[in-house]
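Each structure below is given as structure tokens.
Heads up, the next two complexes both have chain A, just with different partners, chain B and then chain C.
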Partner chain A sequence: MFGGVIGLVAVGVSLIWGIMDLINFAYGEYLMWAMYLTFFLWATLGLEPILSAPINAVVLFVAGVVTYRFVIRAVLRGPIFAQMLSTFGLLVLLRYVAWLLFRPDDRQAQSVLATSVLTVGGLRVSGGELVAFAGSLLATSVLFAFLKCTKTGKALRALAQDREAAVALGIDADRLYALAWGLSTAAAGVAGGLVSSFMYVNPLVGDVFLLPAFAAVALGGFGNVYGAVGGGLVIGVVNVTGGTLTVPKVKLALVYLVFLGVLFLRPKGLWGR
Partner chain B sequence: MLLTVDDVHASYGRFDVLRGITLGVAAGEIVAVLGPNGAGKSTLLKTIAGFLAPRRGTIRLGGEQVGGLRPRALLDKGVTYVMQRSSIFGKLTILENLELGAYIRPWTSEVMQDIERVLLLFPRLAERRHQRAEGLSGGERRMLEIGRALLLNPKLLLLDEPTMGLAPLVMDLIFEKVLELRAAGTTVLMVEQNARLALEVSDRAYVLEQGQTRIEGRGQELLASDAVRRAYLGGAR
Partner chain C sequence: MNRRTSMVLALIAMVGLLAAPALTQPKDVVLGVIIPLTGPAPGTGQDCKLGAEFATDMINGALKVADGSGLLGAGWNGIPSLGGAKLKLVFADSQGSPEVGRAEAERLITTVKPSATMGAWHSGVTVAIAPVIERYRIPHMTISTATELTQRGFQYLFRVGVNAHQGGEVLFQYLDWISKEHGKKWGKLGQLHEDTAAGVNFANAIEEMAKARSIPVALRVPYSREQANMDSEILKLKSAGIDVLVQTSYTSDGIIIRKTMRKLDYAPALIFSQGGFDDDPKFYEAVGDDANYGSKRQLWSPVLSSTKPILKTVNDEFRRRHGRDINDNSVRYITLIQVVADALNRAKSADSQAIQKALVATDLKAEQVLLVHGVKFDAKHDNVLAKAMVAQIQERQPKIVFPPEAAVTKPVWPIPAWNTR
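So, the complex of A and B:
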């Protein structure tokens, strides 16, 4: 179930990577802020955490566009290190503003779904995790359909491949970069809403998602948004089976062991070309 | 004249590439730009297409000053540009590549009709319209790029070395298509290394050297000129 969410997060990371050749180190922090948004929507309005996913998507979309307009655009023409450091700076800023405002305490919205247990094919699954998995697949499918079928989605894919050629056809790279940031952070917003029913939020929670998502992106083939989903599912399976077959504390180490093994055999990832 | 370039200077950083280019293209003409490597041919097309701002001089389209406008503004005025290097989107299908040629137009049934018209012009693309463009040969890629540029019904088509790296038979096919375009009313300004073929199909031509216009004349006249033959056509008639 975790793999589906990691797949969605990996797609968000991969979208920016694929279109702009830029690694967004702050991605996990957007997810963390989305989880706080979900928590406060529950705490103040009593909104079921899953239902905050669309609200998060809209708020985080705007946050992504604002980030692009005021931070990323300025460093885009700079050296690659300036671009990487800018997203790393964002990570520090977003994390410690949250720390300052919310303290490092764990918080969790109470969800009806989290306490329900469903039996699927003989397996007992938490309702919250099942809905998070299904929601992640749905959000990923909507994003893929947008990229595959719409004029703007095709333009984004063209921009990812050849910026100058895209501009020669009248594609507005600046506007689409802003859109890509918005879509990417909106995916983090959805993921934040989906996991909040069964996960605590604290200012460091972004790391739980970001590192496996980077591994998923690398497994799927750098910048390949479709491969990122597959990478996420592989990570999820290794995470769960590794934790069950060994001891839970080493499951993340197993994820990275598989990740290193795959990259050793296929440096461009499982679906990279 | 549809296009008038007057005393245009352009540079990459401190390095002057165009040092006073003057030329004109009348509506319905094919005009070739020839010259040795480094003469500024591709830079001239990039400057007209809006990818490089002229440092001095004027570029007029139908009498209107367009020098320094951005590529999108020039597309809106009917100037499309096929760059020298391959510029297809390999992971998109041939059909998607063509659709993006009409990106700035509303995607209506009229666009789909225009795409069908382009596919009629290039039947080899029509057969493979749903395949990824990365599987196309060099000549087919060129056809796709030219076809894509036609979807804006350009007033002026800028072609940068349309036959570079192609087999002789494919070169002939590309020039045949350029002639068909002229017959359909498209004006073409073309940079070409294959001087002989370019002069055979063009109405007029300019020879550039070191960023300046050196020779100007009708295609057939230049083909017969001793100076041009010695310098660019390998001497023999």
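So, the complex of A and C:
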């Protein structure tokens, strides 16, 4: 279940990586802001956390496009280090503005779903996790369908494969980059809504998800959006079963061990080309 | 003397007269309080703050409670031996972080120049603060439980509450009692703890004490707090068949753990904690009735007033002011302030060195302080009179179930299975 959410976060990271060759270090912070949005929607309007996912998607989409227009576009022409540093700068900015506004307190929306427990074929899962998993799969499927079937989606993929050729064929790279940023942060928005029923939010919570998501992206194949979902699932499974079969304290170490092992055997990731 | 000079002199005399009361007014005694007001345990920090302010108001004469009783500070109007000098609290927020706590301690000491400091609730933060206060030679009062704190020979650190060993002792007495008196059986002892000072120290203490009693610790599961999923930790405990679980968690991880226990249908016969998550009102808000049947080492209960009547009077006043009962955190901070006030009064000085000397000689009887058993420090500055009881959460309230002379209800053993709740 955990892997599904990591998969969705990984898809967002992978989208930017695949299309723009850029690592968005601030991605976890978008997720954190989405979780705060969910929390405040719950606290003020009593909205069930899961239901805020589509609202988050819209708000975060706009935030992503704005970020691209005002920050990323300016540094795209710069050296790769400038690009990476700019997203790192965004991380610091987004995190500490949240710190200033919301204080470092842990907050959690109360969800009806989170307290329900379902038994599926002998496996026990909480309603919140199940919906988060299903929601993640749904969101990634919608994204896949968009990339696969629509003209814009195909243009995005063309851009990812060969930027110069795509531009030569008349694709408006600037507009599509903005769209890619918007879609990527919208995925963080959905993930934020989905995890909030069982996870607290504080200004540092992005790290909890971003590190496994980075591993998922690399595991699935750098920049391969489909691989990222697979990578996320692998990480979720290793996290829970590995921790149970050995010592829970080392579960994250196991995740990174698998990650290193895969990179050693298949440097382009499991589904990398 | 011309007219002008005499006018100037008269003016100076008038200013002098006006200033005179200010000069005779004793100076406030500043106390620095470093607690987690934000961060992962803001509810607990808030309780500490309310407790400290309550005791300060009582000592300053701003709050009349239990006048004429033996309670230290009741009926006072400031520190008597200092001409009625008032206590002034300056709070600093540790955010539950050792780095922030250390920086805040340094800032407090160098800017507001307190006569004494106290804090920081989280053992890990107190471990970070201790060398700072030692370097500046400021007496520091703490309730943090990590035993190691008082093992390092600090001269200025004093612990008023229980240490991990004193808190763990009561678990084994309880297990002994419940099997002998109630014929309850249990099989395997296991531990689940966060991996900072509080969790590690308590787990070590439990292991040591279990070994001394030839009880094996079947499984020990440490975890780091920053994670979203605790399935493997709980599955591990469940598959090992741990039915006496000793747990140390802070609030947010405590919430995830309790929810995961329900999800994975893990209900041991006993969950015993040293406080932390189950002292924080936010835990109860988040898990609701799932908080019930957990047990904890408890230092305070309003119902103890049957043996110590003054507690009821004080608790009633506290409830009137804050709309809730005194709990383990507020009671210890009330007591911290009482202990410092007593030391100030005996030292007849707000000088840090004099306070430290007076603290060493502290000998407060049970009826003088709010914390149940009194305060007296040993050579390491642990409170030799600190004792714990066992409370079980029933109807979302900690109710004393052990020792029998303090118990208000019978323990529910084993914890009912999740599908029956």
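Here is the rule we go by: the second predicted complex is superposed on the first by the 272 of 273 C-alpha atoms of A that agree within 3 Å, B and C clash if a C-alpha of one lies under 4 Å from a C-alpha of the other, contacts with A are read in each partner's own complex, and residues count from 1 in each chain.
In the analysis below, contacts are C-beta pairs under 8 Å (C-beta built on N, C-alpha and C of every residue); 3 or more make two chains touch, one makes a residue touch a chain.
Just so it is clear, the structure is predicted and the values come from calculations on it, not from any experiment.
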Following superposition onto chain A, is the placement of chain B relative to chain C best described as a clash or a fit?
fit
After lining up the shared chain so the two structures overlap, which partner does A:V125 touch, if you call chain B first and chain C second: first, second, both or neither?
second
For the superposed arrangement, I'd like the angle with vertex at the C-alpha centre of chain A and ends at chain B and chain C, nearest 10 degrees.
160
Once the shared chain is lined up, is A:F198 touching chain B (first), chain C (second), both, or neither of them?
second
Report for A:K151: first if it touches chain B alone, second if chain C alone, otherwise both or neither.
first
Which partner reaches more residues of chain A (counting touched residues only), chain B or chain C:
C
Applying the document's definition of touch, where does A:V167 land relative to chain B and chain C: first, second, both, or neither?
first
By the touch definition at the top of the document, which applies to A:V208: first (chain B), second (chain C), both, or neither?
second
Taking the superposed arrangement, what is the smallest distance in Å from a C-alpha atom of chain B to one of chain C?
36
Chain A partner, complex, touching residues on chain B are 49, 51, 71-72, 75-76, 80-81, 83, 87-92, 96, 99-101, 103-104, 107, 148
For chain A, which residues count as touching chain C in their complex?
2, 103-106, 108, 110, 114-115, 117, 124-126, 129, 195, 198-200, 202, 204, 207-209, 239-244, 247-249, 251-252
Which residues of chain C touch chain A once you look at their complex with the stated criterion?
38-40, 42, 95-97, 195, 221-224, 226-229, 231-233, 235-236, 239, 251-252, 255-256, 259, 262-265, 285-286, 288, 290, 418
Which residues of chain A touch chain B in the complex?
151, 154-155, 157-158, 161-162, 164-172
